Structure formats: C-alpha cells, structure tokens
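Chain naming follows the written order as A, B, C and D, and within any one chain the residues start at number 1.
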Amino acid sequence: MSPDPTHPGLSRDEMARRVAIDIPDGSYVNLGIGMPERITQFVPAGRELIYHTENGLLGMGPAPAEGEGDPELINAGKRRVTVIPGAAYFHHADSFTMIRGGHIDVCVLGALQVACNGDLANWSTGAPDAIPAVGGAMDLVAGVKTIYVLTQHCTKHGDPKLVERCTYPLTGKAVVDRVYTDLAVIDITPQGFRVVELSPGIEFDYVQERTAAPLLPPSQD
Amino acid sequence: MIDKSIAGPAQAVADIFDGATIMIGGFGEAGSPIELIHALIDQGASGLTVVNNNTGSGEVGLAALIRAGRVAHMICSYPRTANSTVFPQLYRSGKIKLELVPQGTLAERIRAGGAGIPGFYTATSVGTPLEEGKEKREFDGREYVLERGLTADFALIKARAADRYGNLLYNKTARNFAPIMATAARTTLVQVAEILPAGEIDPEAVVTPGIFVDRIVHIPDPALESDLVARGVSYP
Amino acid sequence: MIDKSIAGPAQAVADIFDGATIMIGGFGEAGSPIELIHALIDQGASGLTVVNNNTGSGEVGLAALIRAGRVAHMICSYPRTANSTVFPQLYRSGKIKLELVPQGTLAERIRAGGAGIPGFYTATSVGTPLEEGKEKREFDGREYVLERGLTADFALIKARAADRYGNLLYNKTARNFAPIMATAARTTLVQVAEILPAGEIDPEAVVTPGIFVDRIVHIPDPALESDLVARGVSYP
Amino acid sequence: MSPDPTHPGLSRDEMARRVAIDIPDGSYVNLGIGMPERITQFVPAGRELIYHTENGLLGMGPAPAEGEGDPELINAGKRRVTVIPGAAYFHHADSFTMIRGGHIDVCVLGALQVACNGDLANWSTGAPDAIPAVGGAMDLVAGVKTIYVLTQHCTKHGDPKLVERCTYPLTGKAVVDRVYTDLAVIDITPQGFRVVELSPGIEFDYVQERTAAPLLPPSQD
C-alpha cells in the first residue's frame, strides 16, 4: 500500500491519539500549546492523567463553554480552562519545582527542529528582527522525565524538521525521547533516529526521503 | 494596631522613584494589578526596570506604562503575546532593553532573592543561547548554570482578599508570581478586592503571610485587561 | 482511577531498602509520622541515613529506630532535646554519624533537592565552624557558602487529611518539614488522619499538591510521642 | 548611689522590659528560647508586635493554660503556644525565607559570649564530649535585620560574657547590634562596645570591671 499522495500519513487528531496511547495511566502531564492540547481528547478509556499548567495549576480540566469561565483561571497559552475535583493552585516557584525537580512524568511539545542526538529547537528561528520569547520551554525540557515531540514531519514548505544538527537556536541539548509525526513514531537512540512505527500506508523510504538524517529501521527484537 | 491599608492607589505608589526596579505580578491579565499600574503612570516615575512574565497587551496596564516611555528595561520570559504591540515597537527601535529569562529561572531567581539566596544552579538554558555569559559548573556529572537571585525596590501585585496584617488569598491562576514577588521586594503594594477582619482567613490557608506585605489598597471591582482592550481603551 | 491509598503502614514501607536515605517529617513530636516509623522498625531495613530536625525522644518513633541500630547516619540541626537519650549514647560510642546542618540551611537544601537545584549560596554558617569544608564565594561584597541540594529515596511524613490524589492539608505547626520533604524524595509516604473525597479540599488551600505524594496510609487516631514517652513505652 | 551588692542590676523581668521598650510598633520579632520569651509580657501599651517562630508560625500568641493546647501547635522551644487572629502557618523553607531573606525585623537571643566586634557565640561551648546542636541560631543571626542579645553580664561563675574575642565556637561574625544585660545596655560600634545606658544604681567602672574588653562611655551628642 502506498501513501495517498494528496494526504499521506496521520491527521492531527490521529497524531494526538497516537501520543495519548503511550502515556501511562496516572501520569502527570504538561502539554504544549497547540496540537499537544488535543491529546486530552484521546486518552484511552480507564486511564486518568493529571494535567499540569506551568502558570500554577495541577488538575486542569477542559476549556469552559465559549464566554464562560474565569479570566483568572487560564492555562499557559492564556486561554480559559476549568479544574477537576482534586485540583490545586500554587505559585510559579512551586510550579517550576514540579518541572525542574523532575516531578512531571511527560511533556509533549511542538518543534521547529529535532536533531538525531535529541537536541530540540522550538522557541526561536533566530531571525534578527524577531522578538525573542522563551516562556517555560527550556525549563520543561531540562526538567521533565520524558519529552515527547509532536509535530508534522516537514514544514509547510516541505523542509525536514528531523535533522542531523539543529540550525535554529536550541531549547535544550539531548532532551527529546521520542518524536510523533504524521508519518512515523521515531525514537532518539544513542545510534540516532530509530523508526518505531510507520503510520498506516507510509513506507520507510518515504519517511527517510523527508528526514535530513539517517533513520534506523525498527529494531527486530 | 497594625493596619497596612492605604487610602488609594495614588498614595500607595507615591514614593516610587525614577530608576526603581519594580516587580509586577500577573501572567497575562491574570493577576495583573492594573489599578496600581495606572496609578504609577499618573505618578510619573520613569527609567524603571520592570520584572513581569510578559509585556502587557493593548494600551492599558503594563503595556500603557511601557508606551508612556517609563520602562527602560524589561526582565521577562515571554514578551510576545496576543494584542502585544507596544513592546515590539519600542524594542525594535532600541528604546527599551530586554533581559530574556526562562520562565522557571525567572520564578526561581525571584524566590531566591526573597529568601536571601544570592545565587543558585539550574540545568535550564544549558547548551542554549541563553546560557551565554553565565558561569557553568558540573554537579554529579551534569552541567548547570549559575543564576543570581533577583530583588526589587517595589512589588505591585493583586490578590483576592487581605486582612489588616497583609495576609493574602488569591484567585485561581492569578496567584502566579505574586507570592514570590512579595518576598523579593523591599516594599510590596497589593491591590485586593476584599479586606477581611483579622482572624477571618484560616491560618492554614494563608498563601502570603503578612510579613511580606507593606501596603494594601482596596479595589473592590478591579478592571480586566481584556475588557479594556476589547473596548479599545488607551490609558491614560 | 488514581488512588494512592495503601492498605496499611507495613505495605507502605515494604520496599525500603538497606542503606536508603529517608527524610522523616516532624519538629520534635509535631508532625512525626510515628506509625510509619514503627512499621519501618518492624520491616527491618538498616544502614539508613535519616534526615530529621532532631533525633526523637524516649524510646519510640525516631528514637526507637535509632535505638534499634538501623540508622548509620543522621542529618539534623538539633540532635539534643528533652528526653533524648538514645542518640547521645550511640553518638558518644561512635556507633552513629552526625552531619550537623543549620536548620534553615537544612530546610533550603531539602527544598533545593526537590526543585532540581543542585547547589545554592547562603550566608548562614559563614565564619563559624560549620563553614568547614564548604566552598566560599563573595556576591556583592558579602561572603556566602555553597550548599548542596538534598534528595532522598523515601520521605515519611504525617498530614491531617488527603484525597485520593495525595493533595495534603496539615495540622498547625506539624506542617514544618513535610511539604518540602515530599518534594525531595523519590517516593513519599504519608500517614493521614482523614481521607477526603476528591474535590473536598479547596484547590486554593492545598498545601502539598498530590504530585509529590506516592502512598497514603490512613491512621485515623495517630499516637503522640509525648504520650508514649510519658507512659514509658519502648518500641517494639 | 552604689549598687546593692547582694543583687545589683536589673532582674530578669526588668531586663526583658528594657528590651521591649526598644522594639518598634509593628515589628516582626523572633525571640530565642528562655529569657527572651519574657519580652512578650512587657510590650508597652499601644504597640503591636508579631511573633515569628521558625518552626512555621507567624502570629504566635501566649502559652495556653497548663494541660491545654495542641501538641502540634508549638514554638521553636517545642512548648505549646496559641495563635492570634491573623496568624499564618507555613513550612520550614518558607519560614527561613522570612529569616534568611531579611524579613524579620528583630531577633533577641541569649549568648555564651559576645565580642566587641559583634561576633556571637551561643550554640556550643566546644567541649569535646558535647553533642553539637545548632538549630536555627546561625540562620537567625545571618538573616535578621537587627540582632539583640539579652543576657546576664557574667556567667554563673562570674566570668565576663562580653569579651575582646570569643573563645567559644561562633554562631556568626559581626552580627550583634546591641547587648542588654543586668548591668547595662551596650551597643556594638565600629570602635567596639559603647555603653548606651547603665542600669539604675550601676556605675560605669563596675560594668567595665566585669567586661573583658574596653567599654566606651555613652556618646555625648
């Protein structure tokens, strides 16, 4: 089966669902702004995840209905959220104690580039006229136990995001554990990128052609 | 009898001086002490160094303070936000300096400042452009950077309720930087929606003990930045 | 469904291993998790490093653990207290090692350990015998010593109430070291007098968020060290 | 008037009263175990002081009636206390943030020795068989804005406690601001000990004879 050339690989929701499968029951999870937020919709039945938002809340619930909610109850993306029964509020130093101290189990982030040594670039393109802004990204990748990247395999212009060495400024060195793209699930190993799983209808060579570093095939245990 | 209440925002900010370092609470609009900031604009102090996670939005609150040319130096983690146009313009024209600090490092630097810790080590920013100029050091085989505690002359924060001692309760995620900023400033000004009799706040539930608070201003119905921005308000 | 409750103290301490580092909450008897400590004595792990402000009193709780010869190394600020005879005897006979740490430095080392801070600077102990062996450094004209973050394999703490997530409320000054020890241990065991349904604890008033708690043991009517000592109890 | 040879100088209560006079209204105060605790009884009418105890309480009230109180509501000396309306509980790291961060206005401590350069020794006699124990003393002297020492002028054996250089292990270097004894109130100045006030009936020479470092007379402004 060859990929559908007009829409190969997973949709955004399918990508989010694929990540959700890998997050163990009972995990404390921090989700980046954007596509990672969709993961909450696809948690398998019977699992309970606790969502942390670095601005000071553990036990974040879904967004309230449009026009509802409290403008002072927001997530890291500054959108209104709700809380679950059993939530807790805390100040920023305590919130980053959770992050820096290694208490958050999983963080799922977007990426501009991921290198085959686990380097991540996701905060700046380094453009000279850009206003630099980093937020909590560097703290998250330095502190959270498991870092998953969830991203389209290539940029809108078709350039590979999985590369030999990042050319954009780094968010952290050797921090990424696994990358989930529309085309594949890829681990960072001491030997470099290793394909763990190909999306339905996607072949290895198709992914390799769109990756700017060598891919190892799934290991044959 | 100890009573830290002050008549109004103007009286609370009266002694803020040119060149002061001011920590301003809030993450976006949540927890932004907008009435205190507007009083500071009216008061006129300039050449300020401001510590805040962001740079405000629209032309009210922190963005209005920046727009009025009072801020020489911003220390923050994320100066780009929705409806944030004032800071980018001044930054690109070289009229305001920016010290970009990772959010968790910013929080810890403030907490350290308040706790009498002049420096600490963190792995955050190691191997990135933001490690530049920082001393590095290895502990147990991992690299860390040395970060300095941060203190301020004044903190301007917002809380939900206070008693006359300055014990504070907050509202949800509006808590964010306020409790640590209160510890790190020589003088802490807080605007609260409600002033409660001493003893009404459960001692087990106090978030900021009164020792960290100097002046309390009663603002029963504080404005919301997003409402003002939506209505196109430009302060003053 | 997340539920961190464990059947009893014996089950909670079952995997504590010889040579483990254990933080034990409490300032004197206030906050001492006496049922968890007694379960640890029954369990038999030895060669332990124990972090506590004191060394227990009488022959129950921490003092009984020390008396049973299970503690090789104490890290504490004040090993002498009323009715404390067990530790002095073993210390004088060279059977237990002591690392004496100023109380605030001990607290900050624990907090740093929990917050991923491997080292920080403090002025406490500068110019005293307790600065010995510590690196010194000047910041802004004042001398400081470098102190290391402290982590543990286990924390044994006591709280008033928990929900199934491990969100904790404490009782008065029994809070002391427990919230920071919960952050600094890989596995945190808490004995609580009451288990509440999720949502019963006000999110604004949670002292220890559940993320820092691993196992909850329900001890509805915990013993008091001073009562046991007054009655001449010797554990086991 | 010459001192009463059988009981010269101030009583313990008079000493505590003398310190209380000097603590400004609205101060945050940490009182050492023992004689300093008496100060609470002598605060002049109309003043409100807030007492901090380093084990985690701001707004400490008087001791409860014998047999009353909560064994988990105690002070740094591990004795039962009460709280005032407006009190707050907090954990140890927050408590020492108040101390180390310079938020406590006044700390009144006992002493084994005070040197004329402000060095304080109050935690150990350095005896080889003693069990060393320091508690929060070193944190308090390093962090609190104003350090007052409240002590008998001499030991039970008649040895001076105010000395040229401490022979006991230090609690802190150059930390003491003022010493209140049964005989005098003495400031630590760049020039050394300066008598601020003599207790009623006590003469300067009498104090000097019992002090192992030169005393400067009250300044004549």
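Heads up, the rule we're going with is that contacts are C-beta pairs under 8 Å (C-beta built on N, C-alpha and C of every residue); 3 or more make two chains touch, one makes a residue touch a chain.
Computed from a prediction, not measured in an experiment: that's the story for all the values here.
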item	value
Chain pair, A-B or A-C, that carries the greater number of C-beta contacts	A-B
Per Cα centroids, the chain farthest from subunit A	D
Interchain centroid distance [CA atoms averaged], subunit A/subunit C, Å	36
Subunit A and subunit B, separation of their C-alpha mean positions in angstrom	30
Centre distance in Å when subunit A and subunit D are each reduced to the mean of their C-alpha atoms	56
Two or more partner chains touched - positions in subunit A	57, 83, 89-90, 93, 96, 99-100, 142-143
Where subunit C touches two or more other chains, by residue	108, 111, 115-117, 122-123, 170, 172, 203-204, 207
Chain-level touch network, classified as line, ring, star, complete or other	other
Every chain pair meeting the contact rule	A-B, A-C, B-C, B-D, C-D
Complex interface listing, subunit B residues touching subunit C	108, 112, 115-123, 137, 139-140, 142, 144, 148, 169-170, 172, 202-205, 207
Touch list for subunit A against partner subunit C, complex	25-26, 28, 48, 50, 52, 57-59, 83-90, 93-94, 96-104, 142-143
Residues on subunit D engaged by subunit C in the complex (per definition of touch)	53-57, 70-74, 78, 83, 89-93, 95-96, 99-100, 119, 124, 129, 131-139, 142-143, 169-174
Interface residues, subunit C side, partner subunit D - complex	27-31, 77-82, 87-88, 91-92, 98, 100-108, 110-111, 122-130, 170-180, 207, 224, 226
Contact set on subunit B toward subunit D in their complex	1-2, 111, 113-117, 163-165, 167, 183, 197-199, 201, 203-204, 206, 209-212
